[in-house]
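In what follows, chain A forms one complex with chain B and a second complex with chain C.
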Partner chain A sequence: MNSLSGEGYVVELDADRDTVRMAGALRLGGLSEYGPISQMLESALDGRSHLTIDLTGLEFLNSSGIATLSKFVISARNRNECALLIRGSNDIAWQGKSLNNLKRLMPALELQFD
Partner chain B sequence: MPASTPYVQVLDIEQTLAELNATVEALRQERDDLEIALTTAVEHGDAIEQQLETANRQLQGEVRERRMIEKQLRHLVTTITQKSRDLEMVLQTITEHADQIDLHWLARYIESENAARHDALTGLANRRLLDETMEREWARARRQQQPLAMLLCDVDNFKPYNDCYGHPTGDECLKRLAGMLKGALRREGDLVARYGGEEFILLLPNTDETGAMRVAHGIQQTLSELDIRHERAPLGRITFSIGVAATIPDSDDEGELFAEVDRRLYLAKQQGRNRIVGSTDQTTGEDIHERGARGDQDDSAGPEHRVP
Partner chain C sequence: MNDSGAAERRIDSHIPFTRSLTFRQAAVTLLIVALLGLLGGVVELGADWRSMRAEIQENTLRSLELVRGSASQAAFQFNDDLAAQVVDGLFAHREMESVVLRDNFGGVLTRRDREDTPPAGAVVSRLFGDITDYSVDLRYGAVPEASTDVGALEVTLAAGEIGARFTDRGLVIFVVGLIKAVVISALVVLIFYFMITRPLIGLHTAITRIDPVRPGDWPRPRFPRHERDELGQIVSSLDHLMQAFQQGLEQRDRARDENMRLGAELDVSRRIQHILLPSRDELDAIEGLDIATHMEPAQEVGGDYYDILSHDEGVRIGIGDVTGHGLESGVVMLMTQSAVRTLLTSREQDMVRVMDVINTTIYNNVQRMGCGKNLTLALLDYRRALEGSEPGVRGHINISGQHETVIIARRDGSMEVIDTDELGFPIGLVEEMAHFVGQISTDLHEGDVVVLYTDGITEAADEQNRLYGQDRLLEVIARHRDESAESIKDTIINDVKRHMGNQILYDDLTLVILKQK
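Moving on, here comes the complex of A and B:
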């Protein structure tokens, strides 16, 4: 399993389940520090017809993090070769509004709130 | 009729031939000219046609090129428009996300501020909030020359209570007492704080000692009605010793009011517990029972007993 982790967060690609799971509190400084995560997300699209981004355990995401996620969603939309499902949680306040905004970037994006 | 001479006839014929030759020559010349003109016209036409064809080819090439550029521009405009829309959306997403995060931190901040100023067990104000409020109210009372009253309530025989019933029950008892003391507050500016393990302070702005004594009596009355069982206490129930003091501040040392209620609480303890000690008044628990039995409502705390 391919994974990145740091203080209070983990991002891992479960290739068997076609899922990238992001959990904990992501508050990296600026888009450059999000580079490795961005690369992992991009490469997860390679050769896949569907991909799930599981955010149900992502308690906190700062503004650079949501910008990274937005750019990834735009990239997935432009590549137009992989169906994207994002799973969020109703218990995490920021996810309601922000994830719905991602759907505006990619109307084909499927959102699922647990 | 005279006949023409043969010489004349020959001359005429030669003349006629010469004229004809001249005419033929002229016609030949004319024909040559026309041929040259025709050739020139044809060649010119061919040249023009070729030139036009070249120009047409160039124009068509230019049209194709321009159409290609137009297509590229349209594509560029579409791409830029899409990127612009994406950027607007990303900006909106980030902005709204940042707002959400602000709210998240604000809630955490309020929570931690609240936790920093309240006692975790009882939810009452803690020493920090009491000190801050005291500093503010002391200064206000001094400025407005209004009395500021304080009650220091200590649970009698609380250690034996904990020993007898265990600490969890002791904690429950403190929570009930805290709820009861909160209920004794009548004014918005009044504060009740957990001062120590089993000590509580009530801070009553714009209240003189008479008003504060009535609040204290009301507390004792309610406590007797609560009747929290304590088999190792003389009355078989939880009781309070209460020190009461009020003053119109004339210095910036708010510690003097703390010291005074503390001193009076000590007196109450010394005199046998379950009593209120103010500057002159002393009341035992038994007295309270008697008043309660008589249904005397004068002991109930209320704003009407205090300085308006």
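Moving on, here comes the complex of A and C:
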């Protein structure tokens, strides 16, 4: 299992379940620090027909993280070869508006709030 | 910190010689060795005294025994020549003061007295006075049982002579003891000096040279062959201590610098936030609208934005919230303000175009900044109603851009909550957002109140972390809609503050009240 982790967060790719799970609180400083996560997300699209991004455990994501996620969604939309499901949680305040904005970036994206 | 200040704090390293470790060590060693030597000397002298006494007694008695036969013969025969021979033989010993050979009638056969013997002092008399007199009875006969008393041989030893001999020996013991003491002291001091004192002095010198500002750079002394002993350990412990001090000082300095930097940044951020806000006079000059505003920066200044720009055709009102806190958020807010104003000045009417240009501008700049900041931004275009409009309509507003809800409290008592989520997209988040921009237009009647706010208001938390919320905001607006914009604003802010209690303000509070006159 491919994974990245740091202080208070973990991002891991579960290849068997075609799922990238992001959990904890992501407060990396600046877009460049999100580079490795961005790469992991991008490469997760390779050769897959569907991918789930599980954000149900992601309590906090700062603006650089949301920007990274937005770029990834746009990239998935433009590649148009992999169906995307994003799972969020109703209990986490930042996700409501932000995930809906992601859905607007890629209308084919499936949003699922637990 | 300057070096002279540091130098003044250094310890005065001059130590007078008599207080130095070497001198005191030498003095104490000498004293102890001398005392021990003296004690040893006294014991030795005492033993010497005892053996000397025994030796004198034994020698004297042996000599007397040796001459006893001849003396008895001389006394029996009254042979003066023999008597003189015997007495002279004994008298040849230097310590004999007098030798007397008597017959058995009490007469003196021969007597020798020495005149030049030194007088015995009181001490010598005490030491040897009791062993100076000897006397042997002289008997003559074939067998001891049948012998007859023929006289006596008496000798007296010169106590002064014995005393002089004893004093000589005592003197030798004393001088040898003294030399021993001095030599031992010198050896001990030398050994200690090279093994301990000299490294200690070196250490002391090194310590006095420590610069309190840079303790980590202290002249750590090297003591060959002391690496593994206590001295080596002291040096390495001191070195650790100094490095720890140095680290502590550096941490303190870094923290101080960082605090100063953050403090300065906060000051700048606060100024940025307020420097371009519209003045009261500007607001009062706007016809048709009663306007009240409130902006309060959080402890860590956020990136709230609002602006009210009056122009020929009406008023453009902007409200937004840049993500995060601090200088970068403030800078993004400033850029947004500029972009909004620039587009107004260039008379761009198309809100889609306005939003798109602002977004591209901010997006590209944020990419340069590498911080991934974005902002919610709603723009309200207000125009006064033209003559001949629908009766009662005093103005029109056109809302676009994604931000918090826009609340309209109608004169007739109804409350409208306009969701702006579908009217735009976060500015600066993606390169292209024109197709997300939507618009909502509505008419304003006299007394209608439009409320714009940032999430600092609705997400203000109390001690139990309960948020203020949109519902409570709506209630307050509904109750006070008839009051002036200023009064509504004050009421809302006071109610938010009451809700928060003593909680720290974590997000900027921004509130704009527009009331159609």
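To be clear about the criterion, the second predicted complex is superposed on the first by the 114 of 114 C-alpha atoms of A that agree within 3 Å, B and C clash if a C-alpha of one lies under 4 Å from a C-alpha of the other, contacts with A are read in each partner's own complex, and residues count from 1 in each chain.
Simple rule for what comes next: a residue touches a chain if its C-beta (ideal position, glycine included) is under 8 Å from a C-beta of that chain, and two chains touch if they have at least 3 such contacts.
For clarity, every value in this text was computed on a predicted model and none was experimentally measured.
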item	value
Partners on chain A (chain B, chain C) - clash or fit	clash
Touched partner set for A:Ser32, first chain B, second chain C, both or neither	second
Partner chain in contact with A:Lys97 - chain B first, chain C second, else both or neither	both
Touching partner for A:Asn62 - first (chain B), second (chain C), both, neither	both
Chain B versus chain C as contact partner of A:Tyr9, first or second or both or neither	neither
First, second, both or neither for A:Phe72, with chain B first and chain C second	neither
Overlap of chain C and chain B interfaces on chain A (superposed complexes)	62-63, 66-67, 70-71, 74, 97, 101, 104-105
In the complex, chain B residues that touch chain A	86, 89-90, 92-94, 96-98, 100-101, 103-104
Contact set on chain A toward chain B in their complex	60-63, 66-67, 70-71, 74, 93-94, 97-98, 101-102, 104-105
Interface residues, chain A side, partner chain C - complex	30-32, 34, 62-68, 70-71, 74, 97, 100-101, 104-105
Residue ranges of chain C in contact with chain A within the complex	323-324, 367, 370-374, 402, 421, 425-426, 429-430, 436
